[in-house]
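Following this line, the structures themselves.
Both complexes shown next keep chain A, but they swap its partner, so chain B is in the first and chain C is in the second.
On to the complex of A and B.
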């Protein structure tokens, strides 16, 4: 713990930062103009529809692909030029891990244990058993779900300061998922680690995230503390006759078949809703994260 | 008090820290938690419910500033010594505030005049 605090003092920059990050494949733009600072100790949940660019963003943040515009930094260093010292402080679990397919799980962990200075052997052994993972099977012979679980154990056992998980919930049953969330919560509490994870299971994010980022069509629409999503935003529904009196909204506007309109509104700096919300006949709904997401992303 | 006494509904439109404070208020007002009772640590609540520890700290901090809880040196959080289960009428009324505000909101949406709603509410209360 003291060693980690000392590391923190030496650390020159935030765990992750992106400036004007853009990326594209074969003429199609996947990410555009992403500015993002992820503070030490935060747990950021990244949410977006399939194809919104979540995996690409995570990979670009870690320097695993070269952006077409802008740059990303990991602990203050350019992500594309990380040294081993920084690599040892990071753990990343992609959706479809491929690494070291020719080793058994036990051999792989033995090998990794020598690379990572803080490798936690007991945690690795116990969690493999609890998540019913065969230590003596070749990694390449495991099912995709098993591979991702092994990679999650690997990532946690390396005791990282920055943990990046791409859709970690997909490979886990509800019990193991809860266990992973608990592990994230406790480590954020005790070791002060920074976590970034993408998910489409919004309730996981609501439990454990301190901050949330909405990625939509390659743009970052929202990045704020998770409580703000419930306290600062709401949905205003206006009947057809009041449709023209809807406040101008940048976050989301939907017209319904009966002519009524719903918009996502935001409190101003004094905590007040726009004046239009006080008109008789309109309805103000405080939204859970999932509903807010649907309103914005549709 | 045990962390399992709290119920957390992540999908609710009410932020988790507010859910915790609201439950503490009710448990104290109802006498299930008495002056001096120790609360579970932030870590225990975060681990039991798999929620972010900062959310729990925020809830405890808010309850402390409201005078519901106090920090005991070396022991953690406890129900404040000044808290009594039989609160004043004003305090008990304050616990109804969220429901009253929801009622006002619904009445406005239905474009109902205040006197009609108050008449009906009065009759319900007299029953």
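On to the complex of A and C.
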């Protein structure tokens, strides 16, 4: 395992990187100036509301679409010009996977296994059995949850160094979700693979992610280790008379009908809240990850 | 629920394009009928007008009003009150209006009205039943006149009091019963919306290209034709074209022997019906000496080749267009699949995978023409013109495929006229080729030939222009597996 980690560290460039990434569909801007570096071995949870641009960001990061502005790199190479060596190291599971619906699961694995030098046949067979997935059933005839799990087995069987999952838990029942998260945590800890997954389930993110990236209206508002978010952010409520003195906040600001204002604030480098928090009449509520998400996204 | 709501219901149950097309078709038939009545010189004007109006009735009842069954089913499943009843009321309202108004006009003019009324009823109910019957029945509908003609001697035995012809009233009742049975089964969920046994009307469910493309894209029609049948043997980095064909799916997929046998059996049944009809007709002719049936067989043979070529083009285009629109199917998988080589190698392999099958099918159409030519008196003109038409068809296929892969797919408004022009060219080359090879070639045959060649040249030029633009766009793409805008 150490050799694998060393090998990964020796390779140039982070597993995924984006510079000034922008994209849009039919006149609507979906991504705006995204700058992102994902460190090797990290588990990044990409969080955002529906339509925030999470899927588009993941697809752009992997070179599955041509961005309007900026560029993305995978292991240091432009994502749109990856070579086979890099492709072997990547696995991606789209949201609601439907690929190769006309093949049985066994056929699909037989087909894909021929292209990946490190394909783990034993893992694929055993995990299908453990997760009670029928190998001889057509992929198109499986339920959405089963399809999602088959795709996860497929992705993991290729022994990737970079695993990108788009809403992997969306169609899964609680048991399957636990199994998935356990598998991700195991892979990240033991094999040191880099995992990027999008979700809007905050508890999943808290359970396995080492880093968090918050995407809101096409902008990356936050990218930091999950531990750094604990006790770091707070909602500061100021009555109407103090509204004009509210601290500037890039994360969230809301004006209420009675003239009062709520802003999301964060501690400075010395762990102190802004001075406004000490004024009489203001109220400060420390935010957990879920509250922070709601506060910013609302 | 007022009358306006009832009358608007069928229009709201189908896509906008279908709605407009059907309305235009019906109105055109009405206008044509009126013009024939006012200015026509037919010996029996009422018959010409009745036939024209009858033609106009079929399409709306097959493709517009049949959409109410989808609405009724959804209303029942979603427990929307009254909507199912409104759908039925709307059908009766339109049926009465479209039947009684022209009947009244006929009666006022003093023309016979009872026979046309029954004929129109047959068309309306027939169109409606056609939409509710399984898709595979629709395939056979085209052969019904031939089959009816072949079986004509048996009708008097079946219907001894019908004066040698089946009673239209009985046919009407049978069709009504069939339509009612299928409506009930479909609305109550006993008839599936998936596969070949689903009603033809399900086409309307997903927009202009209907459930066909939707079903194809998810591979669901393959499911009903025998457990997938995909054959991944021989795939791998050493055979990128074959591997990509698996990824492209549909008719590109390499299949197992079992699947081919199943398809062969299906095609045998499909082609067996018209062959049986023609054979029966041949038997009933004077001692098998009538060469008219051979001509019919030959015509069917060439006709199949002529229709198949544009269909090949259409199939490749719709299939790949859909494939390149969906971001969660095979595109990301193919884009990230290792072992296919450099960007250029991937592009070349993709081109070969995407074009091999349609070009082989075009060639097969031409081989069909060659195979039928020994029975023609002078087959050279037909062979020559079909070679030109098939070559232009192949060029059109290449153009449309390149445009999709290059990320500039054409909509129906460009591809539709292109395909229509191709179909006309195929038909014209067959007819003119046959005329030139016969003893009854008209004096202006050479002018027709010149016109045909000019048309072929224009179509080839148009296709070549599109192909060139598509090729350039594909070459400029950093990788070819990027989804196109929907």
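Assume the second predicted complex is superposed on the first by the 284 of 298 C-alpha atoms of A that agree within 3 Å, B and C clash if a C-alpha of one lies under 4 Å from a C-alpha of the other, contacts with A are read in each partner's own complex, and residues count from 1 in each chain.
FYI, a contact is a pair of C-beta atoms (placed from the backbone, for glycine too) under 8 Å apart; a residue touches a chain by one contact, two chains touch by 3 or more.
It should be emphasised that the depicted structure is a prediction, and the values quoted were computed from it without experimental measurement.
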Chain C versus chain B on the shared chain A, clash or fit after superposition: fit
Touched partner set for A:97, first chain B, second chain C, both or neither: second
Touched partner set for A:185, first chain B, second chain C, both or neither: first
Touched partner set for A:63, first chain B, second chain C, both or neither: second
Angular separation of chain B and chain C about chain A, which is computed from CA centres of the superposed model and rounded to the nearest 10 °: 150
Touching partner for A:230 - first (chain B), second (chain C), both, neither: first
Larger contact residue set on chain A - chain B or chain C: C
Touching partner for A:283 - first (chain B), second (chain C), both, neither: first
Smallest distance from any CA atom of chain C to any CA atom of chain B, in Å, after fitting: 28
List of chain A residues in touch with chain B within their complex: 43, 178, 181-182, 185-186, 188-190, 202-204, 206-210, 226-227, 230-231, 280-290
Residues of chain C that touch chain A when the two form their complex: 218-220, 222-223, 227-230, 232, 235-237, 243, 246-247, 249, 253, 326-333, 335-343, 477-479, 481-483, 485
Residues of chain A defined as touching chain C within the complex: 25-26, 55, 59, 62-66, 78, 80-85, 87-88, 90-92, 94-104, 107, 110-112, 114-116, 138, 140-141
Chain B to chain A touching residues, read off their complex: 8, 10-17, 42-43, 46-47, 49-55, 58, 105, 108-109, 111
